[in-house]
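All chains are identified by letter, namely A, B, C and D, in their written order; residue positions are counted from 1 within each chain.
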Amino acid sequence: MLMLLQVEQTVSGHPVGIGYASSIAVNLWLIPALPILASGIIALLKQPRRKLSATLAIGSLSFSLLMALFAFAHVVSGWAGGIQTREVVNFTWFQFGNSAVDLGWILDPLSAIMAVMVCFVGLLIFIYTVGYMEHDENFTRFFCFLSLFAGAMLGVVIANSILLLFMSWELVGLTSYLLIGFWYHKPSAAAAAKKAFVTTRVGDIFFLLGIVWLFAQTGTLLFYNHGSGSLETSALQVLLSQHAALGLTAAGAIGLLIFAGAAGKSGQFPLHVWLPDAMEGPTPVSALIHAATMVAAGVYLIARVYPLMSAGMPLTESGAAAGTTTALVVVTWVGAATAVFAALIAIAQNDIKRILAYSTVSQLGYMMAGLGLGGVAVGMFHLITHAFFKALLFLGAGSVIHGCHEEQDIRRMGGLKSHMRVTFLTYAVGMLALCGFPIVFSGFWSKDAILEAAHNSAFIKGPYYLLVFGAVLTAFYMTRQVCYVFFGQSRGHGHAHESPRVMTAPLVILASFAVALGAIGTPAWPWFHAFLEGQPASGGMHLLFEADFLKLLATSSVIVFLGLGLGWWLYGNKSPKADEPDAFEKAAPAIWAGLRDRLYVDELYGVTAIAFYYWWARLADWLDRRMWGGIVAAVAWVFKMFAQLNRLLDLHWVDGTFDKACEELSTGGGIVSRLQNGRAQTYLRILAFGVILLAAILIWSARP
Amino acid sequence: MVASSAVSNLDQIFIILRDWVTHFFPTAWRPAIGVLLSVVAIVCVFPGLFALTTIFERKGLGRIQNRIGPNRVGPFGLFQPIADGIKSLTKEDIIPTSANGVVHFLAPVILVVAVFMGFAVLPMGRNMVLVDMDAGLLFFFAMGASTELSVFMAGWSSRNKYSLLGAMRAVAQMISYEIVLLLSSVAVVMIAGSLRPEKIVDAQNQYSYGLPHWYIFTPWGLAAFVMYAIAATAETNRSPFDLPEGESELVAGYHTEYSGFKFALFFLGEYLAMFSISGLGTTLFLGGWSAPLEALSFVPSWIWFFGKVMMSIFVFIWMRGTLPRLRQDQLMNFAWKFVLPFTLLDLLVTAMWRFMGEGWLRWVVSTVILAGTYVLMGRAGMYRKHFAPRTYRYAE
Amino acid sequence: MGSPLIGYLVVAALLFSIGLAGALVRRNAIMVLIGIELMLNAANLNFIAFWRYSPHPEALTGMMFAIFSIAVAAAEAAVGLGLVIAIYRHAQTTDLDKMNRMKG
Amino acid sequence: MGIMFYLIAALTLAGALAAMTLKHLVHAALAVTAAFAGLALFFLNLDAQFAGFAQILIYIGAVAILIVFAILLTRGAELPKEGVFSRTWFVGMAIAAGIFAVLGWAIIASARALPSETVAPAVTVHDIGVAIVGRYVLPLEIVALLLTAATIGAVIVALHEKERAK
């Protein structure tokens, strides 16, 4: 067991007399280990053991949630006492030469809050899955994958070693491949799974390069390790003093490589193409991937290595940022561009889950921009709130699909408002939270924080306008979707029905969180930011009435209402026919076509990267057939000639000799076989007699 | 001899007595005389206890079955064992004509000797262990294993099919449950880190908040104790595992053909085995001679030991009066498909406990694993029972 | 006889020879197995005796060998007797002189 | 070499001789048990407590029981008509005697080189435990594997044939 190995621990920040990792930190590994163990057990179960497999998966994750809550409570109590908890447990996996490959896990505010979020949302999705996959014959397999997925993601969350993080990261990639392709008999699902796997692999190559470079420069794989970890001051100094190409420092270059990996996983432009296709998986998978886990992994990774990304940032006397770094600028621009780009495409999609997928890509752009502009707290706050309301939207969409007999096209829905009351109300909550409807919803506060950071940024101005534009688009396409799905007349086939209680209950819980979570990040009580940064929460109601804030409030309200109004004006209560062209399409057909075809990114890849590989493959094929094939044929001919010669020799010379020898042998064997009388004791006697002889020889020869 | 202020003279009275007697002898003889005295004490005390237990059992069973029990000999029938003893001694010693005389004679002797040997390593009080052996536990189990052979000898030498069947059943059952007995003790050995009974008791003789650190008060210890208790019941052929002597099928099992004093020896051996196995259980799980509350430490340690042993004996009697007898295939299935796997799991949990370090977490984890598996295995067993056909493979 | 070891060695040699003789002359397969067990035990006795009188008994080599040998012997007995029972079921005999179907 | 040694040696050798010569298989099994017990006493006499107890536990508690079970299951308790010794018993005896001669020769030849009386080694169970899971952990694992394989093998070999055919 791992615990036997060397265990180290620190509490950094304030030097308080805690010299040991608390029992919760020491046993933190159980959080990912339990779901993985559960998945292992489920993998061994037979198909009909549905109840048991669901119980195992849900039970193990509940236990993880319980532990995560304890860990969170531990960190919060430390924080309330003025200590910034950072407890790490490290051990050496193996050694080669003078280098050691270290693994370990960490308990700090970031990992604690993320673990709680992942466990909680994951658990709700697990429960929802029981209802959603009720009729699927591969129910147990699904829970096996889900459990493994949750465990791997929790591994990413608690990792204190970039290698452990990478291993869990790849495990996440593998399970997402398995889950997206869960209905592998559908060719589209199989293709989508392959696409997701290959596209994220592109980012992972860069990530791996970054890891290797980081290891080569700092000699450690650990993030934090009593000041010798790669994210701690001494290592960062080393990284800053090294210069890479293009005027970048090693820190910046490694940061960019790691960001490439994060971009692949989080679906940032230009590696976003796999994410919408991943909608081929069952809906709980979409929710799990898009809300709680996989895409959040990229953002979480950037938050985790934020010290590296921001290394070398000039600071003012008071410690505030007085500049930015190249890596963060790239993160910001990519994030902002992705936010607008994906929001534009989302406008012209008709698949309910595809719209949400593009919306996710767009929101991830917001998170990245938030990280780049405002630091860890801003990005992570949006990550957490988004996790809840996006999970809500996906599960709501799943409920709608379930209720409409597996129909996914929003043009064939409509009027569901009265048939599916719970789903409609919760979905509306999620939609308003996503749009950032002022004051009431959590999405407003988290998105507001990003816009505020963008607005206040003294160094880069462009992203602010992009992000504002993106916010308008967000409100617009969400209004369009809700109008199509819930308002107007029913255009579907068959009678829509409300989903079972096991599916609606998670919706209600998530909806309440989508509203309530905003309370921990308002300027009046910025608890979340203070908690992540390890400072006491300062604020007060008066901050809500300051001019600056009111101005921003007004701006974002205008943005949101603009988007909502535009959407309602175009789509509200129109109830178009299923095959009638879209209102937007009527207004601007050329733009619509472009947006509908996802701005031709897939096609671009088709004629560039994929065509390139295709050409290489053709070349290799030709070489195989003509060149290597010819050589092989020539060699084969030579050997054939030898064989002919051999045969002649065999027939006339060898065989005769051999036959004669065989006759002799057979005669001899007849004589010897009499010894083989089949009695065990005779053999034993011969053996014993041999022993006597050998021993006698031995003793005789050893005479002095 | 240790006589610190905390340990009263009453507690050490037997040690003091022994030392007083030995000091009449030359120095060179003293250790031998001391051991001899202790052996004499054990050989006297436990048969006395046996006599008491028989009357206790018959009275208790009577009470459970709503009748009076023996009440003719002496006040409340208390002298019944004496009468029984005299009867056994004076009855004719019958040896069947076709029986194998030597083996027939040796069987009860070997049984009683082997069982008596087991007492040598049990600490019956503070400083009260006959031989403080480094591998004491192993010695105990080695002696326990030797009794199986004597049972076989008794059954085989009688030349009686009931005896032989009873012996075969008894041996199969004892072997099956001996594994469990050993493995559940291994859990304790893993935590205490020693095979020496003295040290195991010492490890449990600590208190926090006035409560003892007995192993039965831990999740793995409780599980191991329950398994140990089941195995001990089977090992001593007590109800509900008393098939080898099931009188409705086998007359009296392997000692059907014994009478008189040899029969009394078997009877004695059986009860002594009960005492020794209860004593070991007490040592392993119930803190041996340590007091159940720190405040009660002033009571002499040997009182606690014998009190705990007698409590276990009472539970044995209670079970005999309450539970019906199992069938042979049920008995074997229970041993190999439930008790043994669960004991192995308990070993695993114990190892986890050992390496998880202090804290509340290991309590939660081991409780969850053990309770969960118990429920799952129980359910699975019931599930099978409904569908699987009944088999008699082990009963052939 | 200078060394106390000699007595043990002689006993072990006698035991081994008795076991071997039994294994070679008894007809019954079970008796052959018993003979083999005796031979193994004789070897164990040698191991323990040599360990006891070795210059470095704390290295525990002979003792360990004996302990492992006891464990292996238990496995050997279980498999061997299982085989005898299986053969008995098949051929209704445990007489080795009659078991010569494998002769050449 | 005291009186104890001669007593134990007499017990062991008598048990072994009886086991190999007695006609009745059950008697032989009981005699070999006596030999096993004598060996255990030898081990104790040689200060190898652990090995001695293990010998009792395994040989008397398990192997002897196994042997009598096998005897009863194969109806070995009935005396065979042809006699218990092989037709060519003199060959076996001769070879056994030869082995003893060679061993005796080896002992006599090396008698002078043998070590003299040494102090009893102070080896505790703890030392043995540490050695087993330390230096000898690989043999331990191999023995564990072997025992598992042997258990499964014994069960399969002894299963009823008709059940296997099923």
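Basically, a contact is a pair of C-beta atoms (placed from the backbone, for glycine too) under 8 Å apart; a residue touches a chain by one contact, two chains touch by 3 or more.
Not measured: the values here are computed from a predicted model.
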Determine which of the two chain pairs, A-C or A-B, is joined by the larger number of C-beta pairs in contact.
A-C
With centres defined as the mean C-alpha position, give me the subunit A-subunit D separation in Å.
62
Would you mind pulling out the distance in Å between where the CA atoms of subunit B average out and where those of subunit C do?
34
Indicate the whole-number Å distance between the mean C-alpha point of subunit A and the mean C-alpha point of subunit B.
58
So which stretches of subunit A touch two or more other chains?
681, 685, 688
Touching two or more other chains - residues of subunit C:
20, 24-25, 96-97
Can you list the residues of subunit D that touch 2 or more other chains?
50, 54, 62, 69, 86, 91-92, 95-96, 99, 103
Complete list of chain pairs which touch one another
A-B, A-C, A-D, B-D, C-D
Counting only contacts in the complex, subunit C reaches subunit A at residues 20, 23-25, 32, 96-97, 99-104
Which residues of subunit A touch subunit C in their complex?
672-681, 684-685, 688
In the complex, go through subunit D and note every residue touching subunit C.
1, 5, 9, 12-13, 16-17, 19-20, 25, 28-29, 32, 35-36, 39, 42-43, 46-48, 50-51, 54-55, 58-59, 62-63, 66-67, 69-71, 73-76, 80, 82-87, 89, 91-93, 95-97, 99-100, 103-104, 107, 111-112, 114-118, 120-121, 123, 127-128, 131-132, 136, 139-140, 143, 146-147, 150-151, 153-155, 157-158, 160-161
Parts of subunit A lying in touch with subunit D, wherever the complex brings them together
681, 685, 688-689, 691-692, 695-696, 699, 702-703
Using the touch definition up top, name the residues of subunit D that touch subunit A in the complex.
86, 91-92, 95-96, 98-99, 102-103, 105-106, 109
